[in-house]
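In the two assemblies presented below, chain A is common to both, partnered first by chain B and then by chain C.
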Partner chain A sequence: MSKTPSAIKDLTEKEYQYGFVTALDQEVIKKGLSEDVVRLISSKKNEPEFLLNWRLKAYRHWLTMTEPNWSQVKYPKIDYQDIIYYAAPKTKKDGPKSLDEIDPEVRKMFDKLGISLEEQKRLSGVAVDAVVDSVSVATTFKSKLAELGIVFCSFSEAVHSHPDLIKKYLGTVVPYTDNYFVALNSAVFSDGSFCFIPKGVRCPMELSTYFRINAADTGQFERTLIVAEEGSYVSYLEGCTAPRRDKNQLHAAVVELVALDNAEIKYSTVQNWYPGDKEGKGGIYNFVTKRGICRGHKSKISWTQVETGSAITWKYPSVILKGDNSVGEFYSVALTNNYQQADTGTKMIHLGKNTSSTIISKGISAGRGQNTYRGLVQIQKTATNSRNYTQCDSLLIGDRCGAHTFPYIEVKNSGSQVEHEASTSKIGEDQIFYCKSRGLSEEDAVSLIVNGFCKDVFKKLPMEFAVEAQKLLGVSLEGSIG
Partner chain B sequence: MSWAAQIEQHSRSSKANWLKNLRQHALNEFNSKGLPTRHMEPWKHTKLSLIPSNPLQWPQQKTELLGFGLKLEPKKILDHVLKGLDCYLVTFVDGHINESLSNFPKDQGVQFSSIGHLSDEDVVSFKTKSSQHGVHSINAALFQTGIFLKLDKNAVLTKPFVLFHLSSENKSPTMKHLRHFIVAGEKSQATIIEFHMGFNSNDEFETSYLNLVAQPDSNILHFKIQEASMSSTHMGTLDAKLEAGAVLRSYLLNWGGRLARQEYYVALDGKGADCSLKGLFFGKNEQNSEVIIDLQHNSSNTKSEQNFKGVLEDKAHGVFYGKILVQKDAQKINADQSNKNILLSDDAIVNTRPQLEIYADDVKCSHGATIGRLDEGALFYLRSRGIGKKEAEHMLLLGFAEEILIDIDQKLIPIKDRLHHLLEATL
Partner chain C sequence: MDNLILKIENLNVNVADRAILNGLNLEVRSGEVHAIMGPNGSGKSTLASVLAGRDSYTITGGSITYMGQDLTTMAAEDRARNGIFLGFQYPVEIPGVGNTYFLKAALNAIRKHRGEKELDAMEFLKVAKEKMKIVQMDQKLMERAVNQGFSGGEKKRNEIFQMSVLEPRLAILDETDSGLDIDALRIVANGVNSLRSKDRAIVLITHYQRLLDYIVPDHVHVLAGGRIIKSGSRDLASELEKTGYEAVVAGAGR
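And now, the complex of A and B:
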């Protein structure tokens, strides 16, 4: 491998800039997990009976399960009794009614993160739900959205204001029995976002949730549920950061999307949890289950993700294409640097006729990072005339990293067409040479090539996020050399 | 009797040291691993009920061979399938070498013997302790016969060498296990053709394992034509170790068998080793046709290519599991893999898992997989030229399938003819 110019080295070794801790007045419960803890969380949130029962069922089921070990990631065993399952910034009893009531420290923290809640409100026209540790601290633009009948609020609020909707949809896409981390999340989830777009409404602005882990030794378990009724449209953004700590923290979230006839949900994530330091110490374990169901005719669900953070990412945003003519999409850029590990991909389950799905996955491995694409494309017998196109490319930067591709393709009828292609390579010396011969510096050349490599995915991101994603990639990688 | 008991009995009765060791090792491995289960990744989609859970009987040696109630004449069969191919030949009838139907290799610098004559020194070069799973252990512990072929430095096998395996009618379910050892010395050249044919309407369990060591700059061309009977479970393995500059080209026609599985374990151990694996797996009725590949780039400047095509009809089930592993520090690697499948019926199923596992950075690896039906555009074109639907489909399928053998030598035309014949007879 050729030498790394120092300017590039500076860039790749730039430290995590969101690693600060904010001194918030926190309310935390004792470490450990038991049925009492589940009851305690539920009572703290003043939850109705049905939800407590659901949590308990999930908890009891979790006890019967074992941690999965099939993925390509390696990590020391997690002690589930050494985690705090509930932490919340202390606020006035009833929670903030408007932004002015939010703890100034929390607001400062979000300002520091570049998510100025007030500015957001005034300028960018993005409705934000900010979640710190376990609870939602602020939701902007609520009243404006309410005029259209859109519900966008924290999950715990929705449990009280729209219990029938929660009851109807919670766990229908990702049942608590789905996997180990889902069962855990279902038992102890503390908050998250809820979003409901009524029939025929096109959501006029991007909805966004910002997740922040702040307290030490805590796990973050949030749940997002988005329901798009017939003919509606919503674009949803999610971002995350966490402070720098030596100890690994667990993040096990669940996201459920439901799209009815002709509805479209676009879900974008920029995940930048703390990845650990250069020696691989600390960082977030990001074990997330995301799944959407295209329940209706001609419905569409699109996942876009940029994964740059976390010590370990274990995440497969999936789409169940149940409705005829429904469409599923997955666009992903996953970057692993230093000792980061990512095992990510998607599942496209085709059940309805004429369903189609597209998967574009770009993996970048640098340092000692291990990046795995794992995907399933399943065409069931009923899904006649279905179509899938998959492309997963990996870029290797440095000779100590790894890139792996494990697609599973299962086709059970003859009228469907599935295509998969994958490639793995480093940045070609000829490509760099060409750029240099045109007067570009080596760094600019590499940056140009990396950006080009990710372009297919970035162009799918909403504007606000595309900028952030590009910056993020720049910080951790742009200018690296192969 | 259980497999473990049968293996134990066998391992005690062996005389030669190497064989004793091999069998003892197989016994230990079988005891720890057992038969494959659904939880083992490469067996995830396999119909495991077709692997007998207990040993079957050994076939009896007969004076008169029957197949489907008719008298078999191996000589005629040979003439028919090989169409006068000028070759060296070892014929196995029900797992035993038939000398009168054989023509052993006689070239200079070529040693040939049956496995019974193998000495401890001969076996040194083989990594004989490489059971991947229980079926390999069964083979290692129970194989009755096989050949040993050794090419000295610069030796050239002047004719293709055919290993012709024939199974005849048996009254009860039977099993047979074969293991062949081939060492290709430095700069040697050989063409090996493994041919399996079955005329048995009763259940049969056959394992066939080919150990190949290709020493520096040797050049091996390998074919496997598998036409086992429809009531048999055929488990074939090619276990090859390629040293510096060695070249292996292997072609597979996976045709017969109720469950037919061909596994490849290729280790590109030496700098500049080059391997290409190509094949066609075909299934109809309720056949299960599987190709499993574990290809390891252990050294720099190595190159590999895989191209497998599946054609599945009726309720057939095809499985492709192909893995390319590039080890740390194995730089300047080129690896390509392609798996294309055509489903001809709505009840046919294909599971394909092309896998790349890469721990080095200076590599160019790619894989592609497609599953679909015949190209509508091409069909339309042919039909617009006045060709009937059936015929047009037939032409396209032939084109799809025969591409696998497109680059083979003119001298091996009988193999192409055989593929053509199989396609014409089955499609």
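And now, the complex of A and C:
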């Protein structure tokens, strides 16, 4: 846009509203990474032998790897010895036995974030696992879910309460050798969420994990593992925020999903890590590996993500469609403003017969933001009669941002069908003027146009989240023109 | 107190340093329908855009007074909230934004400005249903995204429908007849006629007098070279149709 409509400019002044720091009594280990640190983390969690060995294998493998540099994102070299790999709010003895024992400061912090940890105050439809820095501090509705045989708890707890399940599924979708950040995560991960939905159970409420980075100089390395047994269903949500700091912080998470016959997992993310300031200083490096496997016949995995935060986002939630007739979906809105960079997309790996996948990606670039869609649709020889539909749209706001698209399509049999549609558009001055001539402010006009652009993705989000996502998009776009 | 709504005096407007309007004068009173006619490039659409507050135009001289207020310093959205409506020659598409949702947001922005209660979805629908009859608006169009995939006629109908819901004091309809077949023209014209009221003024900007067969104006003006060179009654339009613009322009001594 050659002209500079001004109304939106004023809004830049509004700060990232989750940027506060809570003074928690924390236990923090020394900076740096070594085999001793890996052992220390494992011993702090009192882990069984198998897990320590797995961590050590991952660590040794990581030492042999180099950081990937194939993506579009640019950042200064990370000093892995300058990161704290474990930070946890101190708890009396072995951590809170019930929600009443949670440190009031932690409780206050979550209240401030708009996430109440008190069950009676929550909408009854959502159970929450709250993770602060390296550990889970609370999980709500645990007992109610347990009645149905559903396990929803922190990863550390699951290691003790359900070691067999962890042993059976950990690393089966994303092996520790997968990539540099996965190997690192596998060595030092400190907590995360674990969900297990037994055969035939339809989880009656949304399960949700809320991640909060609070401590300075720490990295957050969590793991989430969700297993949906035959014929089960679960909808899982994750949200995340971090304080405003000048220094970049690393977040390298791994998420693994396993869906057995006729099971369905719906995984939604609203990512709002601190994006850095207007000059691009600070912010979270969000280097995340998320992958699900539709292991069973007619199983379904659906990823929906709204990525508005982080200085850099590098993630490709993927689905391996192994079971015949399985379904994979990826719905994404990624927004970059100021100096944010995003390199995101998905991989749909079709192995089973009659498998189908849908990819809807909406990238919004504003300010000096750089937004890249990178996607792979791979249809293997065995995946006869499979289909993919991809739609990949970019919206540009202003003339200093960028949108990039790298779709890879590999089809190895002749009986499959792949469709790819892409568009790039700019919010036009004429669209804004049209809205203004009907009485809408410029700010409302932009948010209306952007929300319209994202509608196909927002309607996939659970109700409560969709509203949050729309608001978030409005806030994240502030100051985008000018 | 006379019922003057719009008073334009000696208006000079530049677009990218090129003078488009040169000393334009116009007075519009409540209840009146004015037609502004003129050859291509005479400044008709510029006048419409300037009145609605598009910001790529520079006013280099003269004044525009709307309901006693200086219009030139008012933001486009405030003009709309104060009762000015521009019917676009080329209505803009907004993908993904529902037509109903858009219009409700617009109406509520205006109501809020007036200190009236904003309408909820149900209340709005009641209002919209009533007004849809005016331009025979299809329910299906209401559920679609703003102007997206609309035919030319549907877009123009949608403009008049918006006008009927927003109930402006001053409506400027820019080439509302362009691209319409005779049936669509009749529907749009009937819509406009039903919105004529003693509390409202309508300015029709048009190249052809065809529209004026359906909407009979109180005053007709000829715009040429950036100013109004001749004004008259309905008959002036018929005269133009016969003689063409050139004769009138020449007759005005230019």
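Keep in mind that, in the parts below, the second predicted complex is superposed on the first by the 449 of 482 C-alpha atoms of A that agree within 3 Å, B and C clash if a C-alpha of one lies under 4 Å from a C-alpha of the other, contacts with A are read in each partner's own complex, and residues count from 1 in each chain.
What we mean here is this: contacts are C-beta pairs under 8 Å (C-beta built on N, C-alpha and C of every residue); 3 or more make two chains touch, one makes a residue touch a chain.
Model, not experiment: these values are computed from the prediction.
Asks: Quick one: classify A:I409 as touching chain B (first), chain C (second), both or neither.
Replies: first
Asks: Does chain A have more residues touched by chain B or by chain C?
Replies: B
Asks: For A:K455, select first, second, both or neither according to whether it touches chain B, chain C, the two together, or no partner.
Replies: In the superposition, A:K455 contacts chain C only.
Asks: Based on the superposed arrangement, let me know which partner A:K168 touches: chain B (first), chain C (second), both, or neither?
Replies: neither
Asks: Looking at A:G398 after the superposition, I want to know if it touches chain B, chain C, both of them or none. Which is it: first, second, both, neither?
Replies: first
Asks: Based on the superposed arrangement, let me know which partner A:K381 touches: chain B (first), chain C (second), both, or neither?
Replies: Only chain B is touched by A:K381; chain C is not.
Asks: Between chain B and chain C, whom does A:E421 touch in the aligned arrangement: first, second, both, or neither?
Replies: In the superposition, A:E421 touches chain B alone.
Asks: Where on chain A is chain C touching in the complex?
Replies: Chain A reaches chain C through residues 3, 5, 428-431, 433-442, 444, 448-449, 451-456.
Asks: Residue numbers of chain B touching chain A in their complex, please.
Replies: My answer: residues 328-329, 331, 341, 343-346, 348-373.
Asks: Considering only the defined contacts, which chain C positions touch chain A in the complex?
Replies: Against chain A, chain C makes touches at 52-56, 75-77, 79-81, 85-86, 88, 91-97, 102-103, 105-107, 109-110, 113, 145, 162, 166.
Asks: For the complex, give me every residue of chain A touching chain B.
Replies: Going by the criterion above, the answer is residues 1, 379, 381, 384, 394, 396-426, 482.
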